[in-house]
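Going in written order, the chains are labelled A, B, C, D and E, and every chain counts its residues from 1.
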Amino acid sequence: MNGQSIWLSLLRRDLLLAARRSADVASVIFFFVIAASLFPLGVGAEPAMLRAVAPGVLWVAALLSTMLSLGRLFAADHLDGTLEQMLLSPQPLIMTIIAKTLAHWLISGLPLVVLAPVLGLQFDLSGREILVLTVSLLLGTPVLSLIGSIGAALTLGVRGGGVLVALLVLPLYIPVLIFGAGAVTASAAGLGAQAGLSLVGAMLAVSAVFAPYAAAAALRIALE
Amino acid sequence: MNGQSIWLSLLRRDLLLAARRSADVASVIFFFVIAASLFPLGVGAEPAMLRAVAPGVLWVAALLSTMLSLGRLFAADHLDGTLEQMLLSPQPLIMTIIAKTLAHWLISGLPLVVLAPVLGLQFDLSGREILVLTVSLLLGTPVLSLIGSIGAALTLGVRGGGVLVALLVLPLYIPVLIFGAGAVTASAAGLGAQAGLSLVGAMLAVSAVFAPYAAAAALRIALE
Amino acid sequence: MLAAHDLACERGGRALFRNLNFTLERGVLLHIKGANGSGKTSLLRMLCGLTPPASGRITWDDEDIRGLRENYAAQITYIGHHPAVKDELSALENLRVAQALAGQPVTVAQAQAALAAVGLQGRANLPLRVLSQGQRRRVALARLWLSHAVLWILDEPFNALDVEAAALLERHIETHLGAGGMVVLTTHQQPGIASQRMHIVQLAA
Amino acid sequence: MLAAHDLACERGGRALFRNLNFTLERGVLLHIKGANGSGKTSLLRMLCGLTPPASGRITWDDEDIRGLRENYAAQITYIGHHPAVKDELSALENLRVAQALAGQPVTVAQAQAALAAVGLQGRANLPLRVLSQGQRRRVALARLWLSHAVLWILDEPFNALDVEAAALLERHIETHLGAGGMVVLTTHQQPGIASQRMHIVQLAA
Amino acid sequence: MSKINWFKYSSPPAFFPLAGRMIPWFSAAAVLLIAAGLYISFFVAPTDFQQGEAYRIIFLHVPAAWMSMFIYVLMAGYSALSLGFNARLSAMMASALAPTGALFTFLALLTGSLWGKPMWGAWWVWDARLTSELILLFLYIGYISLQSAIDDRRRADRTSAVFALVGVINVPIIYFSVRWWNTLHQGATISMTKAPAMAHTMLLGMLVMAVGFWMYTIAVVLMRVRCVILEREREAGWVQDMRGME
């Protein structure tokens, strides 16, 4: 059986698992919505201010909820020994990682992108800002998953990996946050959003090329 | 051996575990700091606006990080069978729960209270606001732990408890958030903070009395 | 004295067993036999009072254990499939914590002795994370060397133990029986216990 | 042909074994014996290529397995302490996923047949969460009824299995050996395999 | 810099004594240069017409900030070596560099915020450079705690090496942050291309301090590596022999 169909079945399996643990997946999305919606409650609801903070709030919420879901990327499979089986599967490890990262994005990144416009409306952003916001998330969330995969692999089975993942991943997330949110604020201020968006796009390209290799290396080391 | 010293040793054990999983604990605190610190980056750093959103941001951050740590309250002990041993221990279950909830607050609530002033400085709040903020958290975070214990117990072993915990717990958290953050904003606006604070205090009293019983009942059911 | 009256167990709508009756006097071991999935673990959990039986009663000295709660709990030591040990804690700490929880706190020296008894000298201070499967099991079983409980309830205690450790455990169980203790256990091996001390309950698969 | 040359294993600074040499031809079972903590599991993980040996080489048909990677992986089926099954998935799904991962996808019918072979008829569609310890183990082992791999590496496969299931597995292993397969396993019981087919490696504790 | 020697002496037994011999020299150089730097910065350099005396912090701040970044890059370099050729010594060097790097990062943050109070009227502002420097501190801490979190030496080295390599991307972010975002913080006033925009004495002071810091770093790192070597090669024959000699 050729590697490709292993790859597909792996992807399918991750999605199936997600479907079974639907509540578990929902919790990430739910967290995103909560985090975003609580702010107006805490901050007090002046439309002007809300509109000003909206992009930042939504992006931060997206970033945090992705960071939370990273635990699920490898840890569960590590505990019950499935990860060993994956290393023993006759397909290059890097393919495995790409499949799992893609699945992770489909499960915990894409939904955020889909939800963003709705939340944008809550903060009454203009149609144009909402568009930019969605695009920036569409480009940005995959980067979060890709970088996240490295962090998750590095801290696999390490005492209290949680904080370490955050420590490693965050510095790399922040530029995405700044440019992503920046793009929206810029377009709100009437400046073009292209600059920010294209930078996020560039990060996507770079991380898509390098992250899987780093993650693969980290994973091999972790399972020695 | 009398119940009380079981109670103490249980508390000591939870703290010891936390010390061993220090990074795991740190991650909650770290999350609090991150969540609070990312905002200025996303939102853009005008002092005026920051000062205005600070109380909300900090309270929401505290609320979210507590919600995250709820998973640790019973789940781990459930998986490895320790919880069964606790039900079999010759002390009333309610004592067990009080011990664990207290430990939970000491581990993931108290640190937030301690850190709040520092973060308050970052958002340059006035001394008075910082004081009110700290007090409101001091009164509020135990409520979060107490209410949380019910949610955690109810959703124990339920597939994807995560989202359920959130769903169950959140409605009860929101008032705490509103009054807690409200108190700070009020004192910032020169109005007295007493009203808000005393309301939060009342919630603390009520939940301290009733939450453990609810949690105990939930736990028995969960383990049948 | 432990007794089961017309016990029945249901799981997911299927009846695993019904009308199960037995009594267990002091000094006797009850070996619960049955194929995989016949309901042994479920039965043990009932005997601990963790799961209420679908029907029937379990009595301790003729009182329903439901009523006794903590008082009954103080009489038993249950060691299940899950060893109930924490990876982060050392063998020593795990043991002391478990005993404290059971209301029978022990000194470091006592705990050390128990660990030595199960052949973990020199491992006492390693975090459990690094111990082998059998060693983890031994840590869990070490509680039996410290327990004051009359009734031991053991779910497949011989799993993952090497021959020597298994023999050790058998000897220890016999001493417990000799001292008037009671044991309920499940295992797929043939426990090496003097047969006159051993009663058998067979669950139909 | 699998061969170990002067293998050494270290854990936490302590040497578990060194200068371990053996070769395994087709049709032979290698029974790795040793007390708890003697390094059996560690050795099996080395043979799978998961852990690099502290020193020494492992060769497959005279090539170092480090170099072979995926090609070697395609030759072996490893079933470790952890059953590598998911609680959320049904027995059937677990089996099919595992096989797909191993690069040997199977149809529903084939998977059903394998599950029936290990005595799980009628359980195939239950989520693994609700299965008993032994039944979970059987699901993991069912892979052996589907695997095309030459070399089986099994870590205490008889754990938690009832007598009947154990016998079943022994028969199946013998058929595999008969067909020119190889098996490396650890167990604390005495596997019921014709002794001329069985070589033994004893690890000093 | 005795960088070349790392390769010639890249086996611990050969390196250990060499390091021992080099330490005194670097320590001495460090003391002298830092003293000189401080002298220049506090007595020679003229008072700044707009910033007054406060600006003198720059003589600590900037070199510290430079070191914080240089050291990280160096650490990543050694990590790459240790992964590539799994050279034991490189791994040790990398782990020995981390604490010093963290120290300088902290120093840059401290001096920076001390300076910030008079200049910007705030201890801390949410400025890209400040934030990314803070993150650099996180990275150092992360690296150190990752190493201490893993018991198995080999795995600890290799894992933290990957960590360091991935994290190195933060350095350009720090450096160019001032260019990418219009920030409160100064842009680079020293650049390879255009003539330095600041007074020559200031520049001199900073450079002397920077070199002094380098000497200090090398000295401290060598000491640390010697300890690490002893601790890790406890069992090795040559260590035993050396013990014998002492």
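The working rule: contacts are C-beta pairs under 8 Å (C-beta built on N, C-alpha and C of every residue); 3 or more make two chains touch, one makes a residue touch a chain.
Bear in mind the structure is a predicted one, so any value in this text is a computation, not a measurement.
Between chain A and chain C, the least number of touching-chain steps is 2.
The interface carrying the most C-beta pairs in contact is the one between chains A-B. Chain centres were defined as the mean of their Cα atoms; on that basis the chain farthest from chain A turns out to be C. Chain centres here are C-alpha means, and the one lying farthest from chain D is E.
One inter-chain figure worth recording: chain B and chain D are separated by 46 Å, centre to centre, where each centre is the mean of the chain's CA atoms. Once the centre of each chain is set as its mean CA position, chain B and chain E turn out to be 39 Å apart. Between chain A and chain D, the centres computed from C-alpha atoms are 36 Å apart. Contacts with at least two other chains are made by residues 81, 88, 130 of chain C.
Of all residues in chain A, those that touch two or more other chains are 20-21, 159-160, 163-164, 167, 170, 174, 178, 224. The residues of chain E that reach two or more other chains are 131, 145, 149, 151, listed in rising order. On the chain E side of its complex with chain A, the touching residues are 83, 128, 131-132, 135-136, 138-139, 141-142, 145-146, 149-150, 154-155, 158-159, 162-163, 165-167, 169-170, 173, 181. Looking at the complex, you find that chain E touches chain B at residues 122-127, 131, 145, 149.
Chain contact summary for the complex, chain B toward chain C: residues 1, 5-6, 9-10, 13, 16-17, 20-21, 79-82, 84-92, 223-224.
Those residues of chain C that touch chain B in the shared complex are 48-52, 70-71, 73-74, 76, 78, 80-86, 88-89, 93, 97-98, 100-105. Within the complex, the chain A residues that touch chain E are 150, 154-155, 158-160, 163-164, 167-168, 170-172, 174-175, 178, 214, 217-218, 221-222, 224.
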